[in-house]
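In the two complexes that follow, chain A is the common piece, with chain B as its partner first and chain C second.
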Partner chain A sequence: MAGSRLQRAAFGVAVTGAYGLILAPVLAVIVISVFAQEIVSFPPTGFSLAWYANAWEKREFARGFATSLQLALAATAIGVPLGTAAALALARARLGGLRGALNTLLLGPLAVPGVVAGTALYLFYVRAEFWVDDDIKGTLPGLVAAHVLLTIPWTVRLVLASLQGLDRAAEEAAANLGARPFTVFRRITLPMLRPGVVAACLFSFIQSFENLELTLLLVGPGRTTLPVAMLNYLEFRVDPTLAAVATVQIALVGALMLITDRFVSLSRVV
Partner chain B sequence: MAALLLPATLLVLGLLVAPMAMLFRISLNRYDAAQMMQEALTAENYLRALADPYYREVLGTTLGVAFTSTLLALLIGFPAAYWLARMESRWKSLATILTLFPLLVGNVVRAAGWMALLGRDGAINAGLIGMGLIAEPWPMLYTTGAVIAGILAVVAPYMILTLAAVIEGIPRGVEEAAANLGASPMTAFRRVVLPLALPGVAAGCVLVFILCMNAYATPVLLGGPQFKMMAPAVYDQFVRGTNWPFGAALAFLLLIVTLALTIIGSTILASRSRSR
Partner chain C sequence: MGTLTLDAISRRYATTIAVERVDLDVAQGEFVALLGPSGCGKTTTLRMVAGFVPPSSGRILIAGRDVTKAPPHGRDTGMVFQSYALFPHMTVGENVAFGLEMRKVARAERDARVREALRLARLDGLADRLPRQLSGGQQQRVALARALVVNPAVFLLDEPLSNLDAKLRAEVRIEIRALQQRLGLTTLFVTHDQEEALTMADRLVVMERGRVRQIGTAEALYERPADAFVAGFIGRCNLLRGTPEAPGQFRTATGALLPRLPLAAPAGSVLALRPERITVATEGTGLPARLMAVTYLGAQTEYHLDLAGTRLLAIAPTPAEGDPRRALAPGDAVLAHWDPAEARLLPAEPGDLPDDAT
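Take a look at the complex of A and B:
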């Protein structure tokens, strides 16, 4: 049927177009990071990897990268255990009518727009600085606290999802065979939760690493995260140095996704 | 067991709920040039934001961009979601990663990519000039179109993943039944797949609309200094100005308008899916 062939072709074009649109900017960044000339113009005069070294020499990017890395690791290390504990209680504890409300509250940081939460946290920090008579905004602990907030809803959601698919018979069997509750948790529950926890670590790390809105008002002089440093730079121009920095972030996210996919199938997690 | 909830709950209460309550309280205060802020209980900051022609235009631009981008995201997202949902091979995992990947890379990185594509000497202008279609570079960057394209690329993966999750739940059998009964693929889509996918359409549109209303990096970088949407306007109040009550009111106005429209939108969509 000619009509059906036409429809099939139109469908193919639509799908290709959609993926073209979402992948084009990522590919463009990778491509211009190896252009030889400093001012981005097409077609390139040649190719060069010098911009990666150049980017590393720019203090704002090197320090931004270090800050973002510390921040994401700290927020993940604190937020994932807290979120996992909360998810366990949400799934198992007798909470009665509170369960729904607590679930909504813990997913709240995902529902409140970053700009509103960021503004609120900024004013809160300014006020709190009066009370404790010490700096909070612009410090690493202040940023970590804000980013832990980002990791909680992702962890609760992902761990809760993996708890719901969990067979309780294995835990009961272990308990019947004489294992103490903590042993059951460590040897049975935790290993079965591993896919959910691994996915939670991945999403928490990435959410923290690439966050802009919540971070923007909380950074201080000398302590800027990588996305904020990139944003400030991009308000003037886009050049291969910036693209090299962005490509490093792309590579980091890609590597983390591939590693996680070995532990847990990402197409089942999202 | 319930004690395990305590740390996370306290954290969210202390760092999200309390600061937002404080922000709301501040939005009811009065600005004072000498003391910065006067305790008061007034709605004047909200009224001023709604009366001021500048902020009305900013809100109008934000709503226009958000509605356009949400509609376009639905149009381009549906075929892609259908393709992803009906895929059976081992490529499905790869396709999901490919959809998720740009989303996790971050908005700033993608805005940089659009700047390289849409700029005066960017890839698209160079391509069009090379093909002899235009003689002079076409100004694309720092336009409303650039912002919509950028936002669309940011939100499309969310739309695709939300729709795909719902389409996966529609049994293939109902489509085959429609085809066996003589429905053309278009009719089967319009009369069978689309009505069954409506909950996904509602969820996807609500999620995407919220993201569009609150977009920050994309309008700042692709719209240029003249182009203003609400989220950057809120931050400007705190970075450039000292009028906290007014800035707080702007933030809440954005939250309230977004919330009201998503509730109205999902109610309409829910009643439509029930009436079928």
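Take a look at the complex of A and C:
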């Protein structure tokens, strides 16, 4: 008895410690964002919302926010349908020996460091700009194309997991009741995949919205994402303005997760 | 409404033959059960009829129309799946309406037919629930209602009762049979539970390793099994290997000489004798035997006999108290008797007898 109580206590400490470790930086950022002084030190000399006002006045943050939002929405809107289709093909189509290769190709980007992929894309874009005789780097389409590479693997992974738990008999039952293959897909398969697809939208959006490494080389003047704008700011100044921006970002992502969780229980699909 | 004909259908996989040249005619309104041990090809046969598995060879006719190449949605079969396969995101009412919607039945008629189907399946008042809010038995009835409401030419059921508890299973068995008869549905039913098949079906198809061993009514299969496998599979049966000896005798492997049906049709090397057709007595006529064990089962008593080294099981209604047979105990000498007409010679394939393995 004593042993098991000790074990439970140790487990509790370990869990609390792990959560503390994960959440400490987030909490620190939020707390720092309301410190009054410029150079972060303890104890704070006072509290103020001045840094939020400063972030608002720096137009590069607002513009970066708008770009990131557009980018994340576009990359999600393109990547999730493509990734869902790819997951369906991986799970269902007769691919034979191709399946393994396709699987690696689709999930591969998850394993490539963002800076590497970003550099490769940069070099490719430079080449491609010659062929099409137009700008690609620093344009929204160029960024969207790059970020679709982030959203597809996440979608494939999440939808594939949903597909594996899907009851094929329900699809057969629909066909048996007279539904043609496309009707079966639209009325049965897709609704049953909904939790996976919703989760894929959420993760795709977040991945794109907060991506720095892949994006770093691909932004251009006047086309900067929020994470890149924050990095640029950091090169000149270190004050709690960044913490204020980060807090807004955290709030947005947190709100998105809460809203999504109301539609599908996230803990069940991820 | 319609008939179903399987014309020599086979299904081969890379390493197995799941179904081999199965012929079957199901008449309009008839209830036929496919019965056999696990892996004998029952589900594969049913899925070929529904169109989910293409036959390797042979033809399938529904209501006289060759549907061998037709897709599942063009076959007009109504299938009840073992897992029920309800649409989890649709209410009970939407589940049941789905087939009518696919058939483009007008709204008003659709609603009326759904209501009627729910009433028949005793689901009134549950139309707005989601499947996960129902008990197993209710889900099962939704699956039934959903398949029946479209009035399919052929009604297909794959072990629909296997997820229900014993009491519910007995009830639903009767309900399905009553519905099937009331609606005059041509039905193919898969089960590996022989009691289920015996109580529900007009005719039974006994399958084994992909082949049909015998087709017939419950009585025909029990009284006149075509081979040792069917005799052993339907009910309990003493199956003894040995050699027939004229006239009307059979020598078992241990040398015991047993009386048998004098006619040698069908010829074979296994003597089949139902345990309840053997009478055990303490005096009178019969073959001397030694009692190995007595098992009291309330209404019945089982007697395990040793007849010159050959084991025989006899089952009899438990004798009244005071009857000398009531006092029988292991080791006692008894007399075993049966009408030679009850002891049939049957053909057997390797593996047909339970003790073939040893």
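The definition used in the following text is that the second predicted complex is superposed on the first by the 238 of 270 C-alpha atoms of A that agree within 3 Å, B and C clash if a C-alpha of one lies under 4 Å from a C-alpha of the other, contacts with A are read in each partner's own complex, and residues count from 1 in each chain.
Simple rule for what comes next: a residue touches a chain if its C-beta (ideal position, glycine included) is under 8 Å from a C-beta of that chain, and two chains touch if they have at least 3 such contacts.
Just so it is clear, the model here is predicted, and its values are computed rather than measured.
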| item | value |
| --- | --- |
| Overlay on chain A: chain C relative to chain B, clash or fit | fit |
| Superposed model, angle subtended at chain A by chain C and chain B (C-alpha, nearest 10 degrees) | 100 |
| Touched partner set for A:Leu212, first chain B, second chain C, both or neither | first |
| Which superposed partner A:Asn176 touches (first chain B, second chain C, both, neither) | second |
| Touched chain A residues, chain B compared with chain C | B |
| Contacts of A:Gln37 with chain B and chain C, given as first, second, both or neither | neither |
| Touched partner set for A:Thr104, first chain B, second chain C, both or neither | neither |
| Contacts of A:Ala120 with chain B and chain C, given as first, second, both or neither | first |
| First (chain B), second (chain C), both or neither touched by A:Val156 | first |
| Partner chain in contact with A:Met192 - chain B first, chain C second, else both or neither | second |
| Gap in Å between nearest CA atoms once chain C and chain B share a frame through chain A | 16 |
| Chain A to chain B touching residues, read off their complex | 3-4, 7, 11, 14-15, 17-19, 21-29, 31-32, 39-43, 82-83, 85-86, 88-90, 92-95, 102, 105-106, 108-109, 112-124, 127, 145-146, 148-149, 152, 156, 206, 209-210, 212-213, 216-217, 227, 230-231, 234-235, 238, 242-243, 246, 249-250, 253-254, 257-258, 261, 265-267, 270 |
| Residues of chain A touching chain C in the complex | 167, 169-170, 172-180, 183, 187-188, 191-192, 194 |
| Residue numbers on chain B that touch chain A, as the complex places them | 1-5, 7-9, 11-13, 15-20, 22-23, 26, 76-77, 79-80, 83, 92-93, 96-102, 104-117, 119, 121-123, 125-127, 149-150, 152-153, 156-157, 160-161, 184-186, 210, 213-214, 216-217, 220-221, 230-231, 234-235, 238-239, 244, 247-248, 251-252, 254-255, 258 |
| Chain C residues within the chain A interface of the complex | 50-52, 71-73, 75-79, 81, 83, 85-89, 98-99, 102-103, 146-147, 150 |
